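As structure tokens, here come the structures.
Look at the two complexes coming up: chain A is in both, with chain B in one and chain C in the other.
Right after this comes the complex of A and B.
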């Protein structure tokens, strides 16, 4: 380093990049572009291609060819339709429950709680993110088994909890993805100036009116941001249904059971959640909230 | 392609002629199946120095691979698979030399040309000590040619919580019929091959369907089995493919009756969780070693099959996994071995006569019918997806 101290030669790389704008640009975005196009888009593209292939009925080997059969089956097999609708409703329910929990919690944390309570709650919300995903699912399974914690705790009251079914799936998914909703909502509420609450109160609005007329409109972008996570992550999940859903089947279950048996059907089916998410984002964009995110 | 079809026809014609002339022992003689012509290994050569195995958990363990590696110089690389379907997918990559396939994977691999016929002369330990019920079965012996070396077997039993049922159910009706007293607390196996369990039940209760082999279902028979499975879907509590989930389900009380394996009952470790073989009989898994048609380590693969067929090693695998060993000479080797064999009915051919070994369903009816086309595994797969709704 110290040998090269002549004028103009101290930073040859910087000097070169200064002169060559295009190289500079490639250097800047080359790696992320390779990631997005080379890995992300390309693998999605490969997946889409597979969806047009078919399986040899005799050897059940995948044959390269062209058929729309796999896509048609999504719309013609009753079990597939009902599974798609069920999954959509579960994902919407998870999002809805997350919002219902996140908004009051966010208001309390941002505007009412003392600093140490706020910090404790923030840690409590993010803590589950540190535990393994599968561990959390199995934990929920153990809580809700027939002789598990839930029934044990409520037995003195004569209440017995639900067995593994769709409500437990929704509960478990909410448990898994709640932090992704709670954190943006909390941040958004925190940014609402306190004088808006004062102004609302001065004009005679009670608590719920203030929440409905002032808080909610201002945090819609945060709710949309959070819902993108809760919705799309729920759409793609299958282990929750497998371990806590009893006989509940979701889109992910169909993909998982076909990934070895009939890869083209699995590939075609993986387009369904993608379609749902795209439609969801388009609707969200319509509301204008994506721009304000 | 056309030539292939023609040869299939002539094969069929010849086989019919042969059939009318003689009918030798076993189920397999009745069926000719079109398989790719793959040459078998003629004579042993030098060991290649490595062997890549796809296996069930517990089949490959340093307890017996260390000695094999020292003896042959073939270094063992093992890849554990969770399901038969995963095994088939892995074997088709061509990266593996040998697989411990169950019958529902084996026949698929054979007709797909993914595995090669075996030269049993090069496997001296594959002999009379192998349990009679594990020899010459359709899933690994096709057109008289052996493709697999038996490892072990187990039945799909009816497991029940004795505290609730107060005695062993005598029939599978407790998991199939809507009036089952255990409605909502039933578990079923989560794979297309479970359709065969419905067929076994129908064989007994609906003889008018004419099912003689649960793996040879024509369209009408498959439809009946699917209808039964859809009926079961309304009373089932859980489907299991993960063994741990099934065990916790029985132990936790969510499941009272359902399909299980002897080893899972053992793992559950509760005196009130028991298994039984109901009057209808059942299905079972019979595992064999199959050698890839694309293997580069064929000598190591043969050495491995021979080594694992010895009574002591085969017995060690069987005890480690929890199944009946193929080599029943193991049973008399020690008191512990005998206890294991008795627990898993290894020498009880009368027991296993009631068990239909998992076999991949193919278009050729494996029950020997020629006048109809049977439903293939692909059709079973598609049908299976419609059951859970």
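Right after this comes the complex of A and C.
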């Protein structure tokens, strides 16, 4: 290419691309967009179409057709409604608990801890994020199982821990997704200029007033960015419920148990978390906090 | 946060069949067993193949998107950004069901069996964002006049990319690719729905074993291996990113 000397001067392709920004852009973005839209978005679209199909009750084969049955069942079958509401509440609870832990931890890390403690904590928060999703579920199972670590540790106090149920599901989900909340919150708090804290205390504000009136309003975008993950990841999860929730069912459980038996119902039910997440993303985008992701 | 993981790692050295606490006898029994057990080796190989394949695809696509979003202003830029994030923002079960539905209810009836490659396609889709984030963050801080200088000196686009641009974001590229690898290696929910019958990745194998009560201690061994294999790339990736940040 470097010794290319044709009539149009050296390096005709480079010269052409240099002049035509639009061609360059299409060249760059064409392939990735073909992949994401053509493969992923198209799959989601096909899923939506499948949601209108139905299954032959006798042969249990998927029949191509059009029915609103599947969508109607989401809003009429009591077990489906209660599962949707339960899942929504669990996801909100996980997000809430994450915020409650992340804000004090972030303030401590950013403003109080010494540099080496801060760095150590930052690494400590990030690493478990990568320690494996399934691995963490097993770990929580080991800790909270009947003869597990938790009951062993509390036995001298005469307390026995909770059995597998919704609280453990919330705890496990928080354990899984907490870093997604903690990191943006920490980053946001670190960016608050220190003189705001001084100004606040000069004007007579106590610690809590400062946190409530100065810190919180400034880190709301970070909390929203983090909550997109804690909320959406909890919303779609079902393995945590399966392994640490006893008989707890979530939306994901219904989708997973129907994917082979009745794909159209599974497809229709997939629209529920999509709807929740898209609404959440729209709201989050309006606040402009997605830039931080 | 680390207590559960420690309990798990220690339990992989538990001599007894079933995980318990406190551990009575420590031994390498289950480690030796796992090292020679064929299904585990096959699953490990599958995991590595899938993670490598999807990382390569994600690395190329993620870098392309990063360049497009960095260098150009165009209509729908925000949407492109959202599209890249979407595969990890939507729950795994939805992504998995969407792919599974496309493979089984559309491609198979049309006579096209995607099989093993389906897993790689699905994994690559949600790995793109990892490479994109890293490369994009680096490109934003790069000096565009270097590229112009290179063009002024007569270098073609490819030459400029190879000699000027790429060396500047190489570490971010590698860091992003390593994260993508770790993400794919660890993924289970999408894999459940996209793996062809009879094919296990390591997390999938763990999942199947978890539903049986007997070999709990082997599961702990494999889980420890998964922790290590996903942590090592992340560790290297963070070192790379930090070294570059400090160098600037």
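Quick note on the criterion: the second predicted complex is superposed on the first by the 265 of 293 C-alpha atoms of A that agree within 3 Å, B and C clash if a C-alpha of one lies under 4 Å from a C-alpha of the other, contacts with A are read in each partner's own complex, and residues count from 1 in each chain.
Everything below uses one rule, namely that a contact is a pair of C-beta atoms (placed from the backbone, for glycine too) under 8 Å apart; a residue touches a chain by one contact, two chains touch by 3 or more.
What you see is a predicted model; the values in this text were computed from it and never measured.
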Touching A:126 in the superposition: chain B (first), chain C (second), both, neither? second
Could you look at A:79 and tell me whether it touches chain B, chain C, both or neither (first, second, both, neither)? first
Would you check which partner chain A:61 touches, where first means chain B only, second means chain C only, and both and neither mean what they say? first
With the two structures laid over each other on chain A, which partner does A:266 touch: chain B (first), chain C (second), both, or neither? second
A:142 in the overlay: touching chain B, chain C, both, or neither? Say first, second, both or neither. both
Of chain B and chain C, which one touches more residues of chain A? C
In the superposed arrangement, does A:243 touch chain B (first), chain C (second), both or neither? both
Go through the superposed model and pick first if A:275 touches only chain B, second if only chain C, both, or neither. neither
Which chain A residues lie in the overlap of the chain B contact set and the chain C contact set? 142, 145, 147-148, 243
Going by the contact rule set out above, which residues of chain A touch chain B in the complex? 55-61, 73, 77-80, 82-83, 141-142, 145-148, 163-164, 242-243, 246-247, 249, 253-254, 257-258, 260-262, 265
Provide the residue numbers of chain B that touch chain A in the complex, in ascending order. 83, 85-86, 88-89, 92, 108, 111-113, 184, 190, 192, 233, 236-239, 242, 245, 248-249, 252-254, 362-363, 376-379, 381-382, 384-389
Within the complex, chain C is touched by chain A residues 1-2, 4, 10-11, 13-14, 17-18, 21, 24-25, 28-29, 31-33, 35-37, 39-44, 46-47, 50, 62, 123-128, 130-136, 138-140, 142-143, 145, 147-149, 152, 175, 178, 228-229, 232-233, 235-239, 243, 252, 255-256, 259, 263, 266-267, 270, 273-274, 277, 281, 285, 290, 293
Mind pulling up the chain C residues that touch chain A in the complex? 1-5, 7-8, 11, 19-22, 57, 60-62, 64-65, 67-68, 71-72, 74, 78, 80-87, 89-95, 97-102, 104-106, 121, 124-125, 128, 151, 154, 156-159, 182, 186-189, 192-193, 203, 206-207, 210, 219-220, 223, 226-227, 230-231, 234-235, 238
